[in-house]
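Several structures are given next for inspection.
Shared between the two complexes below is subunit A, which pairs with subunit B and subunit C, respectively.
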Partner chain A sequence: MAAPSVFQMILCVLALTCALLVVLQRNPVISAISLLGTLFTTGLLYFTLEAYFVGAVQILVYAGAISVLFVFIVMLLDLKPTRVRVPGRAPTIVLGVTAGASFFVLCALSVLPVLKTFGLLDTMSGGLGEAAEGPLAISVLLLSKYMLPFQVTALLLLASIMGVVVLGKRTLPPRVSSFEKRKD
Partner chain B sequence: MSELTLIVGLGLCLFSIGIVGFVTRRSGLIALMSLELMLNGVNICLVAFARHHNSPEPSALVMLIVLVAAAEAALALALFVALFRQSGSVDLDDYRMLKG
Partner chain C sequence: MTQTVWSTLLVVVVAIIGMTAIPVMLVVERRGSAWMQRRSGPNRVGFWGLLQPISDAIKLVFKEANLPARAHRFLFILAPALAVIPPFVALAVIPLGGSISINGTEFKMQAIDLSVGLLFFLAITSLHVYSVLAAGWSSNNKFALMGGLRSASQMISYEIVIGIAMVSVVMTYGTLDLREIVRLQEAGAGLPAWGFVLQPLAFLLLWVCSFAETNRLPFDLPEGESELVAGYHTEYAGLTFALFMLGEYVAMLAASAFMATLFLGGYNVPFVSGAQLLSFLNGLGLDLNVSLLPAFVGTTLTVHLGSLVAVAIQLIALLTKTMFFMWVFVWVRWTLPRFRYDQLMDLGWKALLPLGILNIVITMLVTFFLAKGF
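Coming up: the complex of A and B.
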């Protein structure tokens, strides 16, 4: 496979920076907007990989709908920036960073050698044909081989619509439990 | 470094950052955003493999993942809005009554 272009490297760095901002920022609004940045740069990266249809779906659905929904909800709830240090959280943070780092190291160790052998076997000089990546090939697959998952996803969407309507309509009774006591 | 290594490495990095955010952040909304980051990392790897193998099958999987992510985000955000209306907090630490 061809060496990565400079544009792809810039996009990768941008996506990584935005992803780090999502996790590290204390202000949830900035986190949500960084998430939008990550998803958008990922869509652009798909364009450079010549997966035009997937890139368009990524930008329309992910960056256009899901992350805007996130920004909307964060602004609706008017969340305050979180406190930096909360007592008793240090073990969780250490555990989380260890889990992420060990996952990364293990996956990199197991995947990268396989990728190298891929590169030896690889004869494709680059560029997908229109037939392999276009909407036609994807939709033929979705309607033949992946028919059952496709239909189940439709059911899932229907169920989630119903769940959102139910959750949005009903007002839950106020809770008087351990949370109120903890606040004092 | 080949293009495939760069893109798969980016996907791995996004997934790991998502794990760290999901475990360490207290806000439920940020945990949800980290979940989206993890799904996005998987999608990046799938698109890279689709290009490498010149096959449309990973792209079909990407479509299904995007649909599931959309359903999950909508439902979880509605859940957090309901929780916020009930007790004024989306901190996951405040909802520990299932812990026993």
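Coming up: the complex of A and C.
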């Protein structure tokens, strides 16, 4: 893979800056819009890697649809800028940084073997490889080599949708009242 | 002449087309609405009121663009820019014509030639909603915020319908490349092989949804002045307001050009294929290379005259089809009243979305049986 171009480096810096702003901004709306910035610049990075399909889908799905919902909800709730108390004592900061770092290491340790088994690390080091070829190659890969992860993801998404429905309906009392009626 | 220079040149051409369409559309909209309502309309500035857009622009330049108290300064200024940039970028993937032969090399008349042009167009136009949301929220005005929120939910709902309609279109053509889609609609493959014959339902869905996507009547609830003053751009004045208007017209142009490309054969001249057109022009004696630069410049720049005229005719064909859709935008605006918000949502989710899914199922069955040969 060729060395990153100036344009790619600018995009990387932009993506990382936006990612940092998501966490560091006090105003939730600005955080949500920074998240959009991260997702959009990541999509542009895919374009510079000549993975046009992945880039277009990234912008269409993540930047165009999902983060609109984030921004929409945050605006609808009209959240006020939060005041986070900065921990004053050194031990708190040290403990916080250690906890964060160890969480990152644990995540990496658990994800790396999975990536290795599916051969994703080689794909990453050699550019985007097969994924850059276009929609046909990607759909063939999805329905053959990565069939299991694809289906598992679909199942996870279904489960999360069901979870959202359950959480959303929690305040409605019909089930509870019928149960109590039976108890009487 | 390298490909990079050519692409840059075409980007400028696309920008000029976009910027020129705005004053033309302003005249068409103002005079057209007057004609439909039996008024005179603005007819004092220039001949037949043709200079009215210039007078409008001068007025807007000299108005003060104010910043409301407690507005979010950065987003308030960013929002109009976000309204203008995505439609222009989306316009760049539309194929404008066949190819021109310069110095013996063929150059395609498409600013950005992407293998996934269709997806790219949808992706970029889906970013348009952020300008409305950002404007609504950053204005620190309840009417503006409500306009922004209305627009977000409306555009997301109708984007899903557009996506579903596009699935069946892609299944019919078997490609995401807009250039390839136009080529498949060329005459010769059976008379009019245009998209609206192959995919009438998808055509209708996209047409209806493009009104909602560009926030035009009858779906202009984000700026419903009877309820929300002016919706998301209540607090904007002067040039920042002009940018919102500009963005709306360029979005209309992009949506019209997209529909023309997918369903009306793009740049194809009706009943004539690109090769037929070129050989006809060559037969007229245009089959010669003309040098554009005088000899002392050093570099040579010869253009094949036949291909140049062919591309010009194709560009005019594309613009004519685009102008048809633009006129329908104006026509509908001054004909239909505004929907109620629940009617708008009902139409999107309960009528258009099921129709889109039905269209996918029908297309799937037809493609399957055509491939099997019954």
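Here are some notes:
In the analysis below, the second predicted complex is superposed on the first by the 98 of 184 C-alpha atoms of A that agree within 3 Å, B and C clash if a C-alpha of one lies under 4 Å from a C-alpha of the other, contacts with A are read in each partner's own complex, and residues count from 1 in each chain.
In the analysis below, a contact is a pair of C-beta atoms (placed from the backbone, for glycine too) under 8 Å apart; a residue touches a chain by one contact, two chains touch by 3 or more.
Only a predicted model underlies this, so the values are computations on that prediction, with no experimental measurement involved.
More residues of subunit A lie in touch with B than with the remaining chain of the pair subunit B and subunit C.
Within the superposed three-chain model, A:F53 lies in touch with subunit B and with subunit C [touch as defined at top].
When the two complexes are overlaid on their common chain A, residue A:G37 makes contact with neither subunit B nor subunit C. By the touch criterion stated above, A:L45 is placed in contact with subunit B alone, subunit C being left untouched.
When the shared chain is aligned, subunit B and subunit C each come close enough to touch A:L69. Common to the subunit B and subunit C contact sets on subunit A are residues 53, 57, 65, 69, 76.
Note for the complex: subunit B touches subunit A at residues 1-10, 12-27, 29-30, 32-34, 36-37, 40, 43-44, 47-48, 50-52, 54-57, 59-64, 66-75, 77-82, 84-87, 89-90, 94-97. Against subunit A, the residues of subunit C that register as touching in their complex are 72, 75, 114-116, 119-120, 122-124, 126-127, 129-130, 133-134, 136-137, 145, 148-149, 152-153, 155-156, 159, 176.
By the touch criterion stated above, subunit A contacts subunit B in their complex at residues 1-4, 8-9, 12, 15-16, 19-20, 22-23, 28, 31-32, 35, 38-39, 42, 45-46, 49-51, 53-54, 57-58, 61-62, 65-67, 69-70, 73-74, 76-77, 79, 82, 86, 89, 92-93, 95-97, 99-101, 103-104, 107-108, 111-112, 115, 118-119, 122, 124, 126, 128-129, 132-133, 137-138, 140-142, 145-146, 149-150, 153, 156-157, 159-161, 163-164, 167-168, 170-175, 177-180, 182.
Here subunit A touches subunit C in the complex through residues 27, 29-30, 33, 36, 40, 43, 52-53, 56-57, 59-60, 63-65, 68-69, 71-72, 75-76, 134-135, going by the rule given at the top.
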